[in-house]
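In the two assemblies presented below, chain A is common to both, partnered first by chain B and then by chain C.
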Partner chain A sequence: MTYIVFILSTMFVVGFLGFSSKPSPIYGGVGLIISGGVGCGIVMNFDGSFLGLMVFLIYLGGMMVVFGYTTAMATELYPEVWISNKAVLGGLMVGLVMELVLVFYVLGEVYGDVVTEFSDLGDWVVYDMEDYGFVNSEAVGVSSLYSYGAWLIVVTGWSLFVGVVVIMEITRGG
Partner chain B sequence: MNPFALIIIMLTVVLGTLIVMTSSHWLMVWIGFEMNMLAIIPILMKKYNPRSMEACTKYFLTQATASMLLMLAITINLVHSGQWSTMKPLDPTASIVMTLAMAMKLGLAPFHFWVPEVAQGIQLSSGLILLTWQKLAPMSILYQISPTINSTLILTLSILSVAVGGWGGLNQTQLRKIMAYSSIAHMGWMTAAMMFSPMMALLNLVIYIILTTTTLMMFMMNSTTTTLSLSHTWNKTPLLTTAILATLLSLGGLPPLSGFLPKWMIIQELTKNDNIILPTFMVITALLNLFFYMRLTYSTSLTTFPSTNNMKLKWQLNPTKTTIYLPPLIILSTLILPLSPMLILLE
Partner chain C sequence: MALIYMNMTLAFTVSLLGLLMYRSHLMSSLLCLEGMMLSLFVTMAITILNSHLILASMIPIIMLVFAACEAALGLSLLVMVSNTYGVDHVQNLNLLQC
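This part shows the complex of A and B:
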């Protein structure tokens, strides 16, 4: 259970391999779903229960659903699955071998610095300097996004709005 | 494009660059780059033909990869230093990855392959924004990380860029591709200066932007995209042939024009630091740049190129294009050199 984040990270990368070896998008969506679910697990292991469920709700339940419907509309007659095309299979195999090598390299340093970095959360939590009492630190983080990070909210909201404007402008055609 | 949408998109392009230039948090820098890239895509796609869609796709893919590398560099810096501030020196690994990311965004060799193809597939006005405004944000990031840039990497990028920019532009007749290779070569000069004196790199950037704006605006005035149609300038606007001559020679770096000032300053800074071979090589490859600018001026200004009889009466017709700010830009792009003693203020 100490290495659960490590295992989930490996599954995360393997899920990414599933779509970056470029099968047809319908099959790539499977890789995205697996990676999304596993990513939720990783976030939850760092006390991020709200954000993890947000990944499932908004990312998988919102964006992925739209992506799935779009690729279902734009499907081709003979879609490529991972084993139908040698290039896709080769890419997947190369990625898997590289990931395996990386995993064995990291596990080979089990008694060294690398693993203690995984279980030490101090680097990743910026607002850990204060004492929040009995409030979950993640809730403090989410709420400080709206107080200290107001500018970030403004910029992100504007980016989303401009994203929609840009997409409608591009797909408008002549 | 709908004016309301155009205003929003232009505002976002400007806002993205300003956010990159003024942020103290690395995540905001990345957000600024993404905003900039997202909003410039419809500007690059003013005409809806497959060629411009292909150019937009190539631009989007390379810039998205570069943003991804930037995010990797930010994450590496976070793991090693534990903070997100841009004011602190970067971890060496993060510095290398970030330099590569900025090199991809600027179009430095060996990541230069997208620049001529994207420049060729879009309108002249979009090419103007691509080659001038889009260079501001990556150069500001390179300026901020210049104390910790790996010198081997940046000088390799610089040497390759001046060589590719010189030799690549030799076989071109399309003006947009010529300006793209000119941009690659000038970026090479800027990154060489960045090693020793970032201020001279900024000077080169400002003068390069003025020169490129002038040149592209003159091309836009005649709506020329090929050398052949540029050679008809003496029929349409004879006064512009002189301006094209002066501006192109300035772009090639000839004294006593403005374009010589950044090259002179950069060579001075390099030789002050006991570098002799590098500036010699850069000057020799700048001659290649000068050759294809001279070829343009030969067919445009120095000879009255033959044309059909219909073309010969175009100067009698009233011009329909407005020349926004062109006279001051022409003066700025040719006559700044006597102001060079003002650079003593930088000491």
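This part shows the complex of A and C:
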């Protein structure tokens, strides 16, 4: 169970290979959704419950939905799967072989010398020094966005507003 | 260095290569850009959470805001290309012939 984060990060990379080998975009969106879910699991293993749920809600639930229906608008009649094109399949296989070689090399080093080298090559186990009581410290840090990070709120809000105006100008056409 | 950083760097590099070597759809390159943002978010989040930098926990959220801006702009450009040509193939972007 110590290596659950490493296993999840390997699945993360395999999900990335799924859309970086560039099948049709609708299948690439599926790969990105899977990677987003696994990424949420990775962040949650480090006690980041708020940031992990932020990935699901904002990233997958907001941005990926927009990507999904834009893809539905601009797609073709017969979308390509990973096995229907040699270039896509070749890219995916090369990436998978690379990932498996690296994973087995790293695991070989770890299991070869567990007692003396664990602190260098092992995975992270979160070490909690202070007692934060009943409050999740990461939620406290995020909520400080509204107190210490007030200027950040102003800047990001303004840049979002300017972004909306720019997009309306681009899509005006003519 | 922890093992997870190797996989996060690999994920970012794989997405970067996918962005730079496009095939036929502009949408696939935008998806690879989103993948880069996701890998950066996870890397930033686990670094901040493991070092107990509590006040820096807001930085991944700010990064997500700017990634959303960038995704929206890319999608609006794709929508305009799709309005003109019907599909978003990159071979249609051939006005600059030099």
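Remarks
Just so it is clear, the second predicted complex is superposed on the first by the 150 of 174 C-alpha atoms of A that agree within 3 Å, B and C clash if a C-alpha of one lies under 4 Å from a C-alpha of the other, contacts with A are read in each partner's own complex, and residues count from 1 in each chain.
What we mean here is this: a residue touches a chain if its C-beta (ideal position, glycine included) is under 8 Å from a C-beta of that chain, and two chains touch if they have at least 3 such contacts.
All values reported here derive from a predicted model rather than from experimental measurement.
By the document's definition of touching, of the two partners only chain C reaches A:I58; chain B does not. Ranking chain B and chain C by residues of chain A touched puts C first. In the superposition on chain A, A:N136 makes contact with neither chain B nor chain C. Judged by the touch definition given at the top, the superposed model places A:V66 against chain C, while chain B stays out of reach. In the superposed model, A:V166 makes contact with both chain B and chain C. Contacts of A:S20 after superposition on the shared chain: chain C is touched, whereas chain B is not. Once the two complexes are laid over each other on the shared chain, residue contacts for A:S84 go to neither chain B nor chain C. Residue contacts after overlaying the shared chain place A:W158 against chain B, while chain C stays out of touching range.
Comparing the two complexes, residues 122-123, 126, 152, 156, 159, 163, 166, 170, 173 of chain A contact chain B in one case and chain C in the other. Considering their complex, residues 5-6, 9-10, 12-13, 16-17, 19-22, 24-25, 28-29, 32, 35-36, 39, 42-43, 46-48, 50-52, 54-55, 58-59, 62-64, 66-67, 70-71, 73-76, 87, 95, 98-99, 102, 106, 110, 121-124, 126, 129-130, 137-138, 140-142, 144-145, 148-149, 152, 156, 159-160, 163, 166-167, 170-171, 173 of chain A touch chain C. Contact residues of chain B toward chain A in the complex are 1-2, 5, 8-9, 12, 15, 19, 27-28, 31, 34-35, 38-39, 41-42, 45, 48, 56, 78-79, 82-84. Those residues of chain A that touch chain B in the shared complex are 117, 122-123, 126, 151-152, 155-156, 158-159, 161-163, 165-166, 168-170, 173-174.
Contact residues of chain C toward chain A in the complex are 2-4, 6-8, 10-11, 14-15, 17-18, 22-23, 25, 27-28, 30-32, 34-35, 38-39, 41-42, 45-46, 49-50, 52-58, 60-62, 64-69, 71-73, 75-80, 82-83, 87-88.
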